[in-house]
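If you scroll down you'll find the structure; I have some questions about it.
Note that the chains are named A, B, C and D in the order they appear, and that numbering of residues resets to 1 at the start of each chain.
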């Protein structure tokens, strides 16, 4: 799919789509059963206020429209599962969006903030690491200063758990300059 | 067989690292109710279902299974106090118990992380479900020494009940488990419009787009403000964080003037069971620092008189 | 031959089993050239030669056209001259000329079933043109299989059973009434059984009926009166089927009739109800009106006799005292009657789906009184309703300024397990939307739909007419109805999928187009009748296209919505067909069947009953001693019971394991002579 | 994959393939195929039965032990059985049988269930071709069932 071409025309041809690409999603969910009823969008708490339109995302996956992987909208889902609960055809849109995010991540379409969260997990074993103030509070409340999680062991010099996390889990593709700039623009 | 009346206490991230008072309260409540709480040493983030599952579902399952293995080694069911932790661990646990192919795949990868193998011997519980169904309103009455007189807007959050076919707790369209339970603590649940919608924090949205998250939350707060509760009662530290920082944000940026104390179910129950307000930890929170749980002494006396 | 002669002739054929053929099989084999059709590919001479050497074969010939007069004569002659008692013709398919030869041997006094047709044309020469050697070898296999089969063929007799000239119709909705009336007009006495106190079914509850927007009472009353007064129809209301025995042509049905507590001399004056102190919600009005404990469902109800609702009656005896004709009798008891009938028509209709299951719509919950179903809407708009035919919100009796209609409630929904499209709700939704919009032009009427399905003559026109009067159509399925606890206002949340816009529609009233689902109690009724149900719970037709009116059991026919959701015209059409099919054997007076049925070897039978469980036409009954008994009239000769039997005790005649084995041995390549001999 | 790509030595090993066809759509479709002169492998042998629901493991094993290389049942389309639901019963039986074959260490491609439409000869021929293709795969992998037995 060439991007320059797209800018000049409204219509699309078969070449603009890659239906085989989402075979995996087809296998795991029921996207082909979608009747485009819109229950998902109407259920969507995010979509009411943001650009996320669940139904049209499902449609794009059915068509094999790969632009959906670059669509920032897929990151607006709060995983509230309302659509999943209410879809009359059991399409499980939340799962579809999760799968799409997995694909997008593989392609490097991941926001810097999310990258940072992965970094925290690998470094501290927590998506939200502890800070000095909370350490103090813990003591005041009569709790141990550090909870007995992997991070405490790291502090005590036993780093093997988190090292392994870093080595084996959530290996993200390196940041591409172009992507990063784009992301940053969007942030602003 | 797992040990009875014993839980492997899964802390997660937000509770120990932001709201230790919830940790304190949960320990207090469960121990008073006669449960033994075991530390899960070397546990990590659950990992959070919204963000980490979005990046790589397999790795999410592996990291989650690692936490499950720690509890399996303790021979105890896991107790969580967070919808996210519950969501992740309950779902992975159930899925790996059922799906042999994935179990093998995950176990293969677990070996890389250390001496772990998922067996599928334990269950994952949420404190709201343990209190609501196992202890029950009938069981807590003997243990409370204070009754409040407070109107609460109850927020269930999403992942405690949904997806219902995996959680199998209660319908997500009209749950009553928490209402029914806290009624005996003297809490009156006030219904508000779109009560069961999301707080706007999940799915990595808070990290991805604070603005979008706050728009959703702003609507939620408007509906809560319409019914003027005394407190906001939640069952998840992540929702807790959203309600705390969100009110603050709206006050600062949208000209609002909210000051609703945000209280986790564990904090509330601990207080009613006799923990001092100082340990409930409102003084550490952003909202409702001045809130005093209504007339505890009076009620205490009444209770004693009965 | 005239038609009558033909009928007479078939009547005469009786081919009783004849003991004189119990001797050694003598088989005649005839291989046909079919001109070039077979002979060009298959070496017919070789095949005939091969057949000669097979055991019991006394004659093997090949001939240009076996179906020609001389060919058929050859077969006949062999019987006369050589005492051949089983014939094998290897030629075309059984459908084409199988009957020619079977008839020929029957003319010679042999049982038709002693002929074995072997197809070496369609199954062989025509499809293996290029492989002559292989085709010839295949022909020998097929012929040998045919000979093996012929060797053990048994006679099958044809039996005739007299039928009982009476029919039972269950359910007196539009479909049941139509069937009952048609049957009676064909001269057949009919017992019509209705569960409720009044006949007419759902149709009488409707306000106006599409596509013409006619008054349903006006259309149905000639039929209800016609049935109620027909000399050949015996009507029983408050009645339910208790048990059904027997099969096609001869059923015995037990019916339980609950007492009305009012005798037939009731003049329908209404004094009793006027004085009765008890008021309850009226079922017939779908809860949109009240009635007394002694009541008549609606003014035109048939039978017109009042009825006392024992459950709600406080036994104050006021009614007894005020009745001018002493019609009220609390001592009436329930009765059980037994009817002997030849055919049964089941027309028990449907129920409206109860939408409480779809929780986001909050139907029936406190605060959501203004969420109603279409049937309730029909009752509200109907003449003489509690609201005087006006549309008023149940919560505050105000005329709604905005009405939102939601489609596909309980249909097309995997979550509630109804995948089917009801097919009627789009039609009644546009009907009612148009009616409401015409009544209240200032109110907004909106239909939220996934697809509008209005196929057929007049229905798209109806859809268009609704658009013309200004009904708003939004393509999207609402996710939920929310109520503001402070203001009490309802909002319908829906995406307008065509513009990709989530909408929050203010709704003073919401009408749910609920699905049509199988009626309550259909499970037990189905088992009493021994008919199978579809996975959706409706009674399943025998074949969806070729026989949508017959049930899985012979002699029991389906009419109307019980076979699947239908509108009135379709129900009536099917009901007429059901009546015709049900009448046929009764008018003729008998059923004739070849006894191609299984028999049970009681020494082998271990009384497990497994055969019964697979027999779809419910032709197997279990005797008191646990042994199965095949009802020869009900059996459809499918043989499904055979593999179900763990001991091989039950065997279909001429398709028994033993008979098939002989055929299989030959056809699988095992046999007398090896391939290389060819 | 089509029948044309099957190696001659594999094809040669297919001598007798027994196909039980029901009296309705099964027979009908094979007749239609014949009338339309649609060629197929001459190893295909059709046995006429009332309904595929009549065929059980006994018949199938009888055929296999008497020299059949493969066995199949061809009935009406699901939902259109002329005897109500015999084809579904047969399908379940064959599924079970396939499992048994697998457990015993044989290929599960020796027995199969198909449907066809009386008016369309292609459906029957398509079924026959599929039988042959599956059998070819099995033969390539494990040899004929005769060798195995």
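To be clear about the criterion, contacts are C-beta pairs under 8 Å (C-beta built on N, C-alpha and C of every residue); 3 or more make two chains touch, one makes a residue touch a chain.
Just so you know, these numbers come straight off a predicted model, no measurement behind them.
Participant: With contacts defined as at the top, give the pair, B-C or A-B, that has more of them.
Facilitator: Higher C-beta contact count between the two pairs: A-B.
Participant: What's the distance between the Cα centroids of chain B and chain C, rounded to whole Å?
Facilitator: From the centre of chain B to the centre of chain C is 54 Å.
Participant: For chain A and chain D, what's the span in angstrom between their mean Cα positions?
Facilitator: Measuring from centre to centre gives 48 Å for this pair.
Participant: Just the number, please: Cα centre separation of chain A and chain B in whole Å.
Facilitator: Taking the mean C-alpha position of each chain, the two centres sit 23 Å apart.
Participant: Would you mind pulling out the distance in Å between where the CA atoms of chain C average out and where those of chain D do?
Facilitator: 32
Participant: Mark out which residues of chain C touch at least two other chains, giving numbers and ranges.
Facilitator: 360, in rising order.
Participant: What are the residue numbers in chain D that touch two or more other chains?
Facilitator: Residue numbers touching two or more other chains: none in chain D.
Participant: Can you tell me which residues of chain A touch two or more of the remaining chains?
Facilitator: Answer for chain A, listing residues that touch two or more other chains: 48, 82.
Participant: Name the touching chain pairs, please: which are they?
Facilitator: Result of the pairwise touch check is A-B, A-C, B-C, C-D.
Participant: Any idea which chain B residues touch chain C in the complex?
Facilitator: Touching chain C: residues 171, 173-174, 191-194, 226-227 of chain B.
Participant: Please give the residue numbers of chain C that touch chain D in the complex, ascending.
Facilitator: The touching residues are 93-95, 119, 121-124, 126-131, 134-135, 137-138, 141-142, 145, 532, 542-546, 552, 614, 616-617, 636-640, 642-644, 648, 652, 655, 657, 660-661, 663-665, 667-670.
Participant: In the complex formed with chain A, which residues of chain B make contact?
Facilitator: Checking each residue of chain B against chain A gives 11, 13-14, 16-18, 20-21, 23-24, 39-45, 47-57, 59, 62-63, 109, 112-114, 158-159, 162-164, 172-173, 197-198, 200-205, 207-209, 212-213, 215-216, 219, 279, 281, 284.
Participant: Show me the residue ranges of chain C that touch chain B in the complex, using the header's touch definition.
Facilitator: That would be residues 359-360, 365, 482-486 of chain C.
Participant: Quick check: in the complex, which residue numbers of chain A touch chain B?
Facilitator: 45-46, 48-50, 75-82, 84-85, 94, 98-99, 101-102, 105, 110-111, 113-114, 116-118, 121, 125-131, 134, 137-138, 141-143, 147-150, 153, 160-161, 164-165, 167-170, 172
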